[in-house]
Structures are given as structure tokens and as C-alpha cells.
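Data first, discussion second: the structure below is written as C-alpha cells.
First chain written, first letter: the chains are A, B, C and D, and each begins at residue 1.
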Amino acid sequence: MTNFPILSLITFLPILGMIVVLLIPKKQELAIKSLTIVITAVQVVLAIILLMNYNYSLGGINDIKSFQFIEKFRWIEITGFSWIGKIKIDYFLGVDGLSMPMVLLTAIVTFIASISSWTIDKSLKGYFAMFLLLDTGMMGVFVALDFFLFYVFWELMLLPMYFLIGIWGGPRREYAAIKFFLYTLLGSVLILLVMIGLYFSSMETLADGTRVFTFNMLEMMNPANYTTGGILSPLNPNNLRFIAYIGLFIGFAIKIPMFPFHTWLPDAHVEAPTAISVILAGVLLKMGTYGILRISYPIFPEITKQLVWYIALFGMINIIYGAFCAMAQKDFKKLIAYSSVSHMGYVMLGMAALNTMGISGAILQMFNHGTITAMLFLIVGVIYDRAHIRDLDSFGGLGKQMPVYTGFVTVAFFAAIGLPGLSGFISEALVFLGGFGNDITRVLAVISTLGILLGAGYMLWTLQRVFLGPLNEKWSSLKDMDFREYAMLVPLSIIIIFLGVYPGPMLSLMNSSVNTMVEFIEKAQAFYQTLGSL
Amino acid sequence: MESQFLINTSLYVLFLPLLGFVVTLLLGKKVKSIYLFENLVLILTFIASVLILYNKLVNFPDSKIVSEVEWFGFANTPLFGDISIKLGIMIDNITAMMLFVVALISMLVHLYSIAYMKGDERYNRYFAYLGIFTFSMNGIVLTHNILMMYIFWELVGLSSYLLIGFWFEKKSASDAGKKAFIVNRVGDLGMFAGILILFFTYRTFSFEEIFNSISAGVLPFNSTFWLSVTGILLFCGAIGKSAQFPLHVWLPDAMEGPTPVSALIHAATMVAAGVYLVIRIFGLLTADAMLFIAVIGMISSFIPATIALTQNDIKKVLAYSTISQLGYMIMALGVGAYQFAFFHLVTHAFFKAALFLGSGSVIHAMHHEQDIRYMGGLRKKMPLTYWTFVISSLAIAGIPLTSGFLSKDGILASSLAFANLTGHWLFPITGFLVALLTAFYMFRLIIITFHGEPKDHHKFEHAHESPFVMVMPLVVLATLSVFIWYTPNPINADQGWVLSKWIEKPVLHTPVETRFDFMKPDTEATPENEPIMYSTIYTEAMHHAHYPAMFISLFVAISGILLAFVFYHWKKVNVDALTERIKPLYTFSLNKWYFDELYDKTFVSGTLLLSRALGWFDLKIIDGIVNGAAAATKSLSFFIGNFDRIVIDGFVNLTAYLSGFFGLLFRRIQTGKVQTYIVLVIFSIVILLFIFR
Amino acid sequence: MNFTSDLYLIYPEIVLTATLIVVVLFDLIFKRSQSWLPVLSLTGILAAFIFVVMQYGTNLPAFEYSTKNSLLSIDNLSTYFKGIILVTSFFIVLFSIFSSEIKSCKDRHGEYYSLLVGMMIGMFFLVSSNDLILIYLSMELLSLSSYVLSGFVKKSIRNSEASLKYVIYGSVSSGIMLFGISLLYGLTGTTNLNEINTILRGTNVIDISFILSIFMILAGFGFKISVVPFHFWTPDVYEGSPITITAYLSVASKAAGFAVLIRFIKSVFFSGISQGGYWNLLSYFDWQVVLVLISIVTMTLGNFTALWQDNLKRMLAYSSIAHAGYILLGVAVLSDQGITSVLIYFAIYMFMNLGAFLVVMLIANKIGSENIDDYRGLGYSIPFLGTVLAIFLVSLTGLPPTAGFIAKLYLFVALVDAKMIVVAIIALLNTVVSLYYYIRVLKNMYLVKDVIKTVHIQLKPLSFVTILLLVIPVLLFGIYFTPIVDFAKLSIQILGL
Amino acid sequence: MVTVGLTHFLVISTLLFSMGIYAIITRKNAVMVLMGVELILNSANINFIAFSRFGNFGFNGQLIALFVIVLAAAEAAIALAIVLNIYKNLSTVNVDEVDNLKE
């Protein structure tokens, strides 16, 4: 098992699927749909296999030896440059406790989304091809350990997403799609620039003793690898690390999305088809926070230390601002979109705590938010499929008409509010415990608890407007859920309840990695202090 | 008898209702009679709770039985070491009694509901909800740590939400559910903040470990001030859940739920959870925190009592009386009368449940008429309901031979003693005043409802005594409102088994200098951290306060009852004329001191306004800036109409103008005339030459 | 000075000249068999290509007239560009076979192909010439052929207008350049680049007339590579010319222009090389500032104006201006690394730009329009062409995993290494802007869906193969770019330095 | 007695150059514009010859002038052909009216 390239398989399987889908004649709609579902299901199985073979005691983060399922070989190697000697880029995949939950999440959410895509009826072939391409991009981001590779995957999913929103989306889809694309591209060029800067600032020692510039994230994390003159090297007194950190952070923050870079999100969500909203909220948003944890934190530990207050501040703004905005919405989907803004704020707050509970809470919140929001968007999809409107005020009393559906809604909503017993609570509580545990973020954490209250406010209000009260007779013919919808919502509910009752497995999955990270940042701090670069 | 037996049994008590919930919910649609399963489960739960109570009191009267398992943990964390978050059960006498109370009332309410809810379209769902409520309530009672307390705290909130809004087709019902949940969350925020402080300081949630650390001198942020703050913050949870001022507004609205639910959740058990919480954290309350608690309790006992005077909805009157009685308990805790507070919790649970179920019986008979102005004369039609109602009312008014007299008298005596020792005389004065008001409005209720002439003859004709399953609980609960269950001495419970044996003396862990003087250990021999709370001064003061308190309270209770009779039965005073005379006061009371309006105008509208403002801000400004900057590329953008519209709507910033300008300029210079191009080229060369000369 | 012994160094040019003659003669003799003309041209191109390949690695002066100073420099840089030019020409000849514009001029194919070969010869001399006069002459050879070609379809008003503008603008530019050369000649007494370098090192001729002469010469080069402010002809001529010629001008003649610019800068001003491959230039002229300024303005203007365009060809014209800006940044770094990035960029740019033009041409052949609005819903009726165009446009934007990303990546690597961060940021922001107009084409093809007319384009096998030949490198080099970088790295060698 | 020196030639060539540019910019007739181009080329020629004569640079400059003359002829031929074509298509040789391709 150890030599089997399972990460490559899980990443590139969808691309293979895409090729097959492209070869299937257009008429064979059933075959295309089923193939996609099968592929995503296989991905789930692979993710579970990964999980079963995962060694919980290994930390990862900055130490290649404690990464698992590593696949590393030379991808690009060019020698004989007079000026830099050698260029090399590795194909380097691996997982640790940080990425493993994300891999799981991606597999699950994509699988659910592929079921949700069953109702797509126009240009099916193109849809599923794009869907699978997107899948590869997302999975790749979470398993890549080479910055270059990471970036390639990061950008890979932009175009499919553009088309998925733009072709299969709602009335203002063009606007939403281009907005999404421009925003994220703006973010990613910043990432690109920092990537190149880092490339020239750190050198890796190869087996034969030569030193070469490197895109390897793990090597970039090692302070001993810095060059003397690199613009992002702390050894260079005029380094631009601070600015680079901000740039990188903005690049990732756009994906999160962090206030004030969040405005693409409501539009994208509102216009995207249900399955794509699910993926967007369930997986794509996590890439931003994942990127910060995977790249910004360990590569710039000293600046992270300096800026945690601001990260927490923006987390707080996200939480409260998102909640208020959600409250003001009349469109069901937009409300959920803003609630995502709010919930991703918890992730940022947890990250900023820089202690085990906070970061674990943040990662867990990423996972939980992925499942919960996926469920919320599916719920909106269910009602939209039937009523073809999403205006909150035009419903009412659906609880009587669709009791089972309302039951699922209640589970999802209360999970989003952070009701104990459901997964959202654990992660939010951990985030707050972590945030409170750090002197710097303490006050912000306390203020952020307001988000719990506001969350309850808008969620319950929504619940009431749509499901409670007298039944709006207009909707007295709506059917309750069908089998396909059960197939999507039941697994998610089970995950949400399971992790709410017993979060232990997920937490121990990430525990050693989080500890390693916290420790690394603390230690690196000391190192940078001796450099006097602070 | 092994202590493990208790733990196992308590697990049954905890999880049987959950099982009932899951089974009833999932099979509710298919199996029509699944509610019987839920009832069976509750009977089993009750039996288990009796077993626990018996075993605990007989076999382990003086020990705490604790059992815990790790829920999840963080190994080897760099900053905090190992962190383990535990689930645990702690059973002491209070737990056992509370369990018994919850299980008993819950069982009775279940049985009662079989008849009361008959014919409801979501009959089974109702029982499922009762099941999850019982589960969460038992969870609160059994837990040994503050986090689990919070968890179940929220879960009872959920079940309360579900049950208040059970008839969600009524807008008022769904509104009330939402209000209850959100108002409770406000209190929970404080509690959560308190939990954060506790965990940050002690790295554990367990009460016992926290208390031990406090005894050892570990304080939050190393200051007694923050210890007080922590206590007050935790108490915020109780303010919400026990509907104390200023968060009391949700409870009257919660009466939208089915009446048995009101009896179980909003009178007897869940609202008492706040008191239970304060009892659990009593060990860490400083004098400041206790004073704060006492003041809140005092205010909360007074305001609702004045409101209850004028209400016409039978359930609302009872709801306000509940708040008022809970205020008593909270005040009792604040003035240090720990035992009496819990005692009152228990007695109140029984008689208030009886009152609510009795009112349910009336409402059932009157075809869901709740306004007492349309009732009257029901005494003859529903004798059993009437007499149980009267007994319970006597109990709540504090007439001797009832349980209520014993517990209430204890509280009043303690407040008197407290006033004596500290000079805070407002507590006993308010206490007695409220006792007067309580007696008055309860008997006003009885007289208008059961005495006199029927006002609505049509409904009256159809009224009849309720079926056995509804009356039986009334009888049981009324019986439990008699003194004999608690003490052989009908006027003093001190020597009774409940107070002297069952309810443990409280243990205070706070640093000595933060306690009230009378709570400091009074002899040299007692070490400072010895968990003995009351000094001899206090015992003496209590002793002195006993008889005055008893007489005064007896006096006020009887005068209250008499006044009620004078006003409403014998009609010696023209009530309407009196009302007219004190119109402003009357309206003030009738409108519940305008709390709802105040909160609506401030917090609710404020929040909505802010959210709308921010929503607008987000759409127009933030997005506008972006679109404006896009208009950079885009002003430019003839080709998507939407884009432009939003740009124009929004804040088109300078960048937009500038780059739009450049876009146009660049385009305009491409005139299509080759000679212009050449001029431009030569011109540029000249300019370049000038720059780089 | 033995001219005949150096002839083997210009075998490719000789082969091309022979091809030219053969094409002309063949056209004269076999008037009927016009369809053989492209085959002949292709044969000539292939033969020349073989010689070019054989020549690669040879670094010798040809036609030396004194030590070190020669008329031509046969070095890796020139050979690399010759390769680029030949590959482009190969594709352009293939394009011409499909082009309905060219087909419509039935009897004049001989003229067309011979002029095309003429352009090639001009470019060949241009990239390797080491003497200002030869530069001028070969540039004229290139230009004169292209003037005619841009107006090839005589009946077309657009064509004639394009060629008129081109000829006027071009001749003025070359006139100005010639005047500049004459000034430089007056200042230094020679037209040989290396000799000028020697003289500049020896004396101190800092004088405004020197700077003027450089700017005037730059006007000539700028005209060829179409950078601001010498770009004005580009949109009009690109839009007006036959698509094949537009594509050819946008790749090959631009490549030749860049080759000569690089050679000019390095040969004339070079004074040494410092660590990291950075050139030390003689300080008479601040090349870095001038080039950075020009390139930033160029890419910004190109991108922003492209946003407004409705004609796809014209949009691609502006996009090619923007790309010239990016490439010029590579030159502006003034280092070996910068030149490497330029070479990489060109190799990739060639594939993606030709590809985009090819698809546009195939669609225009059918629907007779290059207007973006006419592309509505086309993605659904011609899925293959749509997908391929999408790939080319994404690559032009510079998104991974296409080759365009690699091109941009190396450019930014060079910039960041040279610590030109601000410039890099401006260039990156430009990339974001450029996304907008490229994606607009895709938006029209896929997102706007009013399929009133369904267009069916039956691809001939040959055109299908051509497309594949273009699209495969774009994808392949995006994922595995070792060969292209390897090659570019070796090709920065300039003779005499 | 004024000796005709380099400066005089340069003045003349500059004048010619400027006149050429002026003609190119202002003339409406395409043929006149092309004549402006010829003026520029010839101004460069004068430069070459003058520098070659006065700078002791050998005969290079004069040879260059020969090349340029030949090229100017070729260019004029092609340009005139193109102008002719324009005239055929648009019935005008006014460069101002040839501006369909723009912006």
C-alpha cells in the first residue's frame, strides 16, 4: 500500500473520468451522470482508505518524514544555467493532519454534489466534464506540497468554475461568473508573485550537495534554507516579507472570503446551480483558509505572530458583519451565502489564536462548515427546484406541507447556529476556547460570541418565515423530499450529528499536525528574533 | 449496593428518553400508537429515578458519586500540555432529588398529555419532543461539568423552542418559540463567556476540579474581581433560562405552547434549571456576585407579581407567578439560603405543575378558552380540578400545612436574617410584599375562574371534569404539596428530613476575604479553606428571624387571600371603579411594564435596522467599490448592462473614472488616420528625447 | 575576407532564395497547378529548417571584413529565431491552404507564396545581421513584402486600406530609422554593431544627437515589434489584412523585430556581465528605464483598449500589443535570464497566438465575420473549435496548466529576480485585466445562449491536424516545459560577446 | 570666403528631413505623402555622404547612399501600386478619407 500512488489516483481520477465523459456520445446522458457519480464515489472510498491507513501520530507541517502517502519525484529539472545553476520543480504530494480532513471533505462534498447534479438538463456533457475537472483542481490543492504544483491546481479550478456558474447558473450568471473569476484571479496573481519571491529566497540542498532554488513548501519553511540576498529572505535586511505576507494573505482572503473581499460570494452563490453552490461553499472557501494555514503560517511565522490580532479582527468582522448582512437578505440563497461569510470568520478567529484548540477548532470548523453549508445549499436547492423562487417572504408554513424536509432543515439550521450535539457547536466552541486562550485575541473572541446570538437570530427568523406560520396556499401542492434528496441529505446529517456527538476521531486526526504547527511557529519566532528581523 | 449501580441507572435515566425521542420521531408517521412507547419509556425513567433517589439517600447519603470518561482531547499541546475534555456524571443528593422531580413531573405530563393532546395531527411528534426535553433536562441535572451543562442547556432550549412553537401554524406560537430561543441565547452568551474564563483559568470544565483549584487559590486573571465577574457571567445563563429580569420577557409568550408543556418546561423543570445552575456554581460565588444575584432575584420576584395582578389569561397569570417564584429562589441563593432555594425549587415544581395542569384541565374543558373573564362557576362542574387547584394555590400563597409555606417561609426568614446582618432591608420587604401580591392574584384567579356565575354559558354547558389520566396527575401533584412529605413539623422544616438530611449544606470555595462576613469561618480552629459556610452568627440570626418571618408571611398571605375575596367574591369594593382610579398604574401593569415594547423598539429594531444598513452598505458600497474598480476595466464595459447600472448606483471611485478615462483615451487616439499616427510617433520621440536627454 | 568560404553559413537563406525562385518560375510555367505552390513552399521551408537545425550550435561570424567585425552573426540567438520564423511560416502556409480569403484570389497564389518566402528571407537576414545597414536593408525586404501581402485581396477595401496605412507608416518609420542610422554613422564612423561598441567604449560621445539617433533607430524597431508609441499601425493593419498575414505579422515579424532589438542593445552597449547574468551596459543610454516605461505603457494600452473591441481580429491585435509589452519587459530586465524568458515566451506565444488566429480564421471562413457578437452560442454548435479556442485564450491569459502560464511565469521570475517588483505587480494586474476580454469571447460562445443559427463546420483532416499540432504543445508545455526552457537557455548566445 | 563644411550639409539634411515630415503630416494626397518619405530618405542619404566625406570614414557612407536610393525606388514602386489599388477601390487618394479601420 505504501508505494501505491493513491494520492495521485484520488487527484487525477476525475480527469480520467473527464476524458471518458468527453468520449461518451452526447445522447448517453444516463451514462455520463452515472459515471460521474461512480467516480466521485470511488473518490470517497479512496479517501476512506487513506483515512484507514493514516498514521495519527505523525505531524507533518514542515517535516517531510512525517508526511504520509508521499509521492515525490522530479518533475522539471533544467541544469546548466550560468546564473542560477539549476531549476527544479518536484511533483510532490503528501498529506498530514491539516490536509487529510480537507481531502475527506472534498471527496464527500463532491460526491454529494454529483448526486445533486442529477437534475442538470442542459449541455450535460460539458457540465460533467467541467465538474470533474474542478474536482481534480480542488483535490490537488489539498494534497500538493510543492508551491508550484499547488498554484497550478489552484488556478486549474478557476475556469471550470467560471463555466459552471456562467453556463448553468441563474439569470445574472454572466455577471456572477466574471466577478468570481476576476476576483479570484486578482488574488492568485498576488499568490504567484509571492511564490516567485519565495523561490528566489530559499534554497534546497539536493542529495548531491548542490544548492538550488526551490518551490518545495517544506523547504521554504526551513529558516536554514534562506539565501542571503533573496527579497523574501529574513537574512536580507531590506526584505519584503511583510508586504509579501499581506499580498499572500489577500490572495487567500479573497477565497475565504474575508471582508471586504467577500462581495463575489453572494453573487456567485445566488447564480450558481445548487451543486456548484455546494462545492463553492463546501470546498472552495476552505482553500483560502487552508492556504493560509499551509503556506502563510509556516513560511512566515514571525509575521503571522505579529499580525494575529488583525487576522482575528477580520475574523470578528466577518462573523458579525456577515451575520448582519445575512439578516438583511430576502433571498434564501443569499442569506445562506452571507452566513458562510459569517461562519468562515470563526475559522479565521480560530487560526489567529495560534494555539492547539484554536487551530484545531478552525480546521474542524472548515470541515463542519463544509458539510453544514453543503446541506443548507441543498436545502435551498430542494425548495427552489419545486417553487422556482427563493424569496423568503413568499413562503410560509411549509413545515406542514413538507414535514420531513422541514426536519432536515431544522437539523441543518441548528447545526449552523451551533447547537450542541451537532458538529457546528464543537468547532465554534473550540475556536472560542482557543481565541480566549490567547492574550492577543481574547477581547475579539469575546466580542465574536455575539455571532452566536445573531446567527440564531437570522436562522430562526428564516425558519419561521419559510416553514412556520400558516401555510401559504400557493404552495399546497409541493411534494416532500424524494429518494435522491434523501441520498444527499441523510449522509450529511449523519456526519453532522456524528461529529457533534463524537468529534474525537476528527480531532485526533489533526492533533499532531496542529501541535507541530503551533510548536513550529513558537520556535520559528525565536529564530527570527535572533535574526533581529522583527 | 455498588455506586456503579447508581451510575448505570442514571445512564438509563439519561438515555431512555433519548431512545424514546428517536424511536417516536422516526416511527411517528408509520406507527400511530408509538406514543405509548414514549410513555412506557418515561414510566421506566421514573422508576429508575426512584431507584436512584432511594439508593442515594439510603446507601450513599453523604457522598458524591462521580464517573467520567474522556470525550475528546488534545495530546501534548505545545502551550497547554495535555487537554482532556470529559463527559461525566455526578450524583449527589440534590441531583437525585432533582432527577426524581423531573422524572416524576415529566411522566405525569406525558400521561396527562395522552388525553390533553388527543386528536392533534402531530400527536406522536409531540411525545417525541417531550422525550428529547426529558433527555436534555436529565442531562443538565446529571452532569459534572459546566460544558456539558451548557450543552444540555442549549438542548433544553431547542426542545423548548420546538414545543413552544409546536402549533407553528399560529404565527404567535412560532414567534414565541423564536423569542424564547433568542432571549435565552442572550443569557447563554454570558454563560459561555464565563465558561471561557473558567476553562482558560483551570483547563477543565469539571465543577469539582474548578472548586478545588479555587480553594487552592487559583483565580481567573489572578484577581477576585474576575472571580466575581465569572460568577455573574455564569449567572447570566440562569437569568435567561429562569426568565429573570431583564430577560424575563420570553416566558409569558412561551405560554403559546401546549399547556402540559407549560407545566413541565415553563413552570416546573426547565426554568428551574437556572436555579439549579446557580446551586451548582454556588461554591465559586463571591459576596459581590451573590449580591448581584440577590438583586436580580428581588427585581424578578417583584415586577411579574405586579403584572400578574391584572392579567386575564389564566396561563399568563401563572407564567408571571412562575417568574416571581423563580425570583424568590434566585434571591434566596443570593442571600445565602442555599437549602431553602432548592427546597422551594422542589415544592414549587410540584404545586406549579399542579396549577398549570389544572389550568390545562380548565382550558381543555372550556374548549381552549384561556381568558378568565369568560369563565366562572367551574367549581361545581370540575370539583377535582378545583380542589387540587386550591391546594396548590394555598401552597404558593404560603399557608401553613402546605409545602409552599415551609419553603417560602424559609426564604423570607433567610432574607430577614440577611438584612439583619448586612443591612439590606429591601430584600425582606420586597419578599413580604410579593407574598402579599401572590396570595392576592392567585385567589383572584381562583375566584374569577371557579366561583361566581358562568359568563359564557355555551361553553359552560359543555364543560365537564377531565378524564382520569388528566386528573390523576393533578391529584398526585396536589398531594405532594402537603407538608407531610417533607417534614413532620408543619410550621418548621428545619428538622425535617429534607432539610436536615437530604439537602447537603453548601460548600463555599471562594477566598475568605471575598465572602460575606457571616459566611467566614468563625473559629480559629477552622482552617480558611475548610468548606464550612455558615458562621454561628448566621445560625443565630436565622434562629431569630424564624418566628417574625413566619408571622409576617402568614399575615400577608392571609390578608392577600382576604383582599382577593373582598374584591372579587364578596365584591365589597368596586374593582372597575378602583381600576379607573389608578388607571396609569393599571395599564402599566396590564401592559407588562412595556418591556416587550421597549425591547422591540431598541434591541430588535436596532438590530434589524443595523442589519439592513449593513446589507445596503454591502450591496452598494463594498460591492460598489469593487464594481467601480471593475468599471476601471469596465466603464469600458458597455456590453454588460447590469454591470453599469450597479456601477452607477454604487460608489464609483476615482480609479474607475481614471481608468475609464484612459480606456477611452487609448481608444480615441486610434483615429484611423495614418497621418495622426505619424504625428503622434514623432511627438512621442520628441517627448522621450526630452525625458532621457 | 573570404566570402565564398562563408557561404555555408547562409545555406538556409540560400535555400529560401532558391524556393522563392522556384515558386516564381513554377507559377510562371505551370499556371494551372496552383495547388502545388504551398507544397513547394513547405518543402523549401522544411529544407531550410533542416539547415537551421544543423546550424544550431554554430557560433561563427559570416562575411568578416575585419577581425571580429562581420556582416552577419550566425549564433544561437539568430538560429533560434530562425527556427521560430520557420515554424511560424510552416503554419502560415498551412493556414493559407484553408483560408478562403487567399483562395478567392485564384491566379495570384504564386505571388502570395513568393512574397511570403520573401518575408522569410528578410527576417532571416534581420535576425542575424550585425550591421545597421544590413538591418535596414533586410527590414525593408521584410516590410516591402508584407506591405503587398497585407493588401493581398485587392478587391477588399479593408485590405487595401490596411496596406496603404502600412506602407505609409512603415516607410516613414524606416525613413526615420535610416536617419537615425545616418546620425549614428556620423558619430561613430561605422555601421557595424561591434565596431560601434568598441568606439563607444573608447570615447566619450555623450551627446543629445546620440540619444536622438538611438530613439530614431528605436522607432524602426518599435514599429516592427509594435510597442507604444510606435504601435499605431498595428490594430488597423491587423484588422484589415488577410488573417493569415495578420497571424504572420503578429508572430514572425514581431519575433524578428525582437531579435534585432536584443542584438542591437546587447552588441552596441554591452560592457560586461555581472553575477546572476545581468548585463552591464555602457551608461550613455538608460535602456532599463526606457524599456520598462515603454513596456508598461504598451501592455496597459493594449489591454485596456482590447477591452473595447468588438472585432476579434482587432482585439487580438491589441492583445498582441499587450504581449509585446510583456515580452519587452523580459528585454528590459537586461539579463541573460530576461532574454531566456523572452525566448520561452516567443516559443509559446507562437503556438497560442497562431492557434487563436487559426480558429478565428476557420470560423470566419464559415460565418464571414470576426465580430465577437457573432460568436454567440457558437460553443455549442462547434464544440471542438470552441474548446480549442478556449484553450488558446486561456493560454494567452496565462493561466495554468497551459503553456501561456509558463511563459508568464518565467517572465515574472526574471522580473522578481531583478527586484523589479512594482513592475511585476503592474504586469500581473494587466494580466487580470486581459482576462476580461479573453473571457468575453468565451462568454459569448458559451454563456450567451441564443442559438438562432447553428453553424456546422466540417473540419478537413489537414486543418484538424494543424489544430492539434498547435494545441498539443500549448497543453504539453504547460505541464512539462523542460525542453522549451532547456532550449531557450542555450539560445541566448550572441556572437562576439 | 565661406567653406562649405559638414555643418552646412547637416543643416540641409535636417531641413530636408523636416520638410519630409511636414509633407507627410500635412499633405492629403497619398502620392504627396510618399514624396515626403522620399525626402526623408534623401536627407539621410545626404547625411551619409557628408559624414563619409568629412569624417574620414572611407567610402562606406557613399555606398550606403547607393543602396538607399535603390531601396527608395523599390519602395516607391510598391507604395504607388498600393495607392493605385486604393484609388481603384475608393476612387480617392486622399489619405484622410481612408479611415474605416479605427479605434
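Here is the rule we go by: a residue touches a chain if its C-beta (ideal position, glycine included) is under 8 Å from a C-beta of that chain, and two chains touch if they have at least 3 such contacts.
Note that this is a predicted model, so its numbers are computed, not measured.
Visitor: Does B-C or A-B have more contacting C-beta pairs?
Guide: Counting C-beta pairs in contact, A-B comes out ahead.
Visitor: Which chain's mean C-alpha position is nearest the mean C-alpha position of the whole protein set?
Guide: Chain A is the most central one.
Visitor: Distance between chain B and chain C based on Cα centroids, please, to the nearest Å.
Guide: Spacing between the chain centres: roughly 78 Å.
Visitor: If you average the CA atoms of chain A and of chain B, how far apart do the two points sit, in angstrom?
Guide: Going by mean C-alpha positions, chain A sits 38 Å from chain B.
Visitor: How many angstrom between the C-alpha centroids of chain D and chain A?
Guide: The answer is 66 Å.
Visitor: Can you compute the centre-to-centre distance for chain C and chain D, using the mean CA position of each chain? Integer Å is fine.
Guide: Computed value for the inter-centroid distance: 27 Å.
Visitor: If a residue has to touch 2 or more other chains to count, which residues of chain D qualify?
Guide: 24, 33, 95, 98, 100-103
Visitor: Send over the residues of chain C in touch with two or more other chains.
Guide: 164-165, 168, 172, 176, 235-236, 308, 436
Visitor: Could you list the positions in chain B whose residues touch two or more of the other chains?
Guide: Residues 633, 667, 670, 672, 674, 678, 682.
Visitor: Write out all the pairs of touching chains, ordered by chain label.
Guide: Every pair of chains meeting the touch criterion: A-B, A-C, B-C, B-D, C-D.
Visitor: Report the residues of chain C in contact with chain D in the complex, numbered from low to high.
Guide: Interface residues on the chain C side: 133, 136-137, 140, 144, 147-148, 151, 154-155, 157-158, 160-165, 167-168, 171-172, 175-176, 178-179, 181-183, 185-186, 189-191, 235-236, 239-240, 308.
Visitor: Would you pull the chain D residues touching chain C in the complex into a rising list?
Guide: Within the complex, chain D contacts chain C at residues 13, 17, 20, 24, 30, 33-34, 36-37, 40-41, 43-45, 47-48, 50-52, 55-57, 60-61, 64, 67-68, 71, 74-75, 78-79, 81-83, 85-86, 88-90, 95, 98, 100-103.
Visitor: Where on chain D is chain B touching in the complex?
Guide: Residues 21, 24-26, 33, 95-96, 98-103 of chain D touch chain B in their complex.
Visitor: Would you pull the chain C residues touching chain A in the complex into a rising list?
Guide: Residue list for chain C touching chain A: 275-277, 335-337, 380, 383, 390, 394, 399-401, 405, 409, 412-413, 416-417, 419, 421, 424-425, 428-429, 431-432, 435-436, 439, 442-443, 446-449, 480-482, 485-486, 489-490.
Visitor: Mind pulling up the chain A residues that touch chain B in the complex?
Guide: Contact set of chain A toward chain B: 172, 174-175, 178-179, 182-183, 259-260, 262-264, 321, 323-329, 355-357, 360, 397, 399-400, 414, 419-421, 425, 429, 432-433, 436-437, 445-446, 449-450, 452-454, 456-458, 460-461, 463-464, 467-471, 502-504, 507-508, 511-512, 514-515, 518-519, 522.
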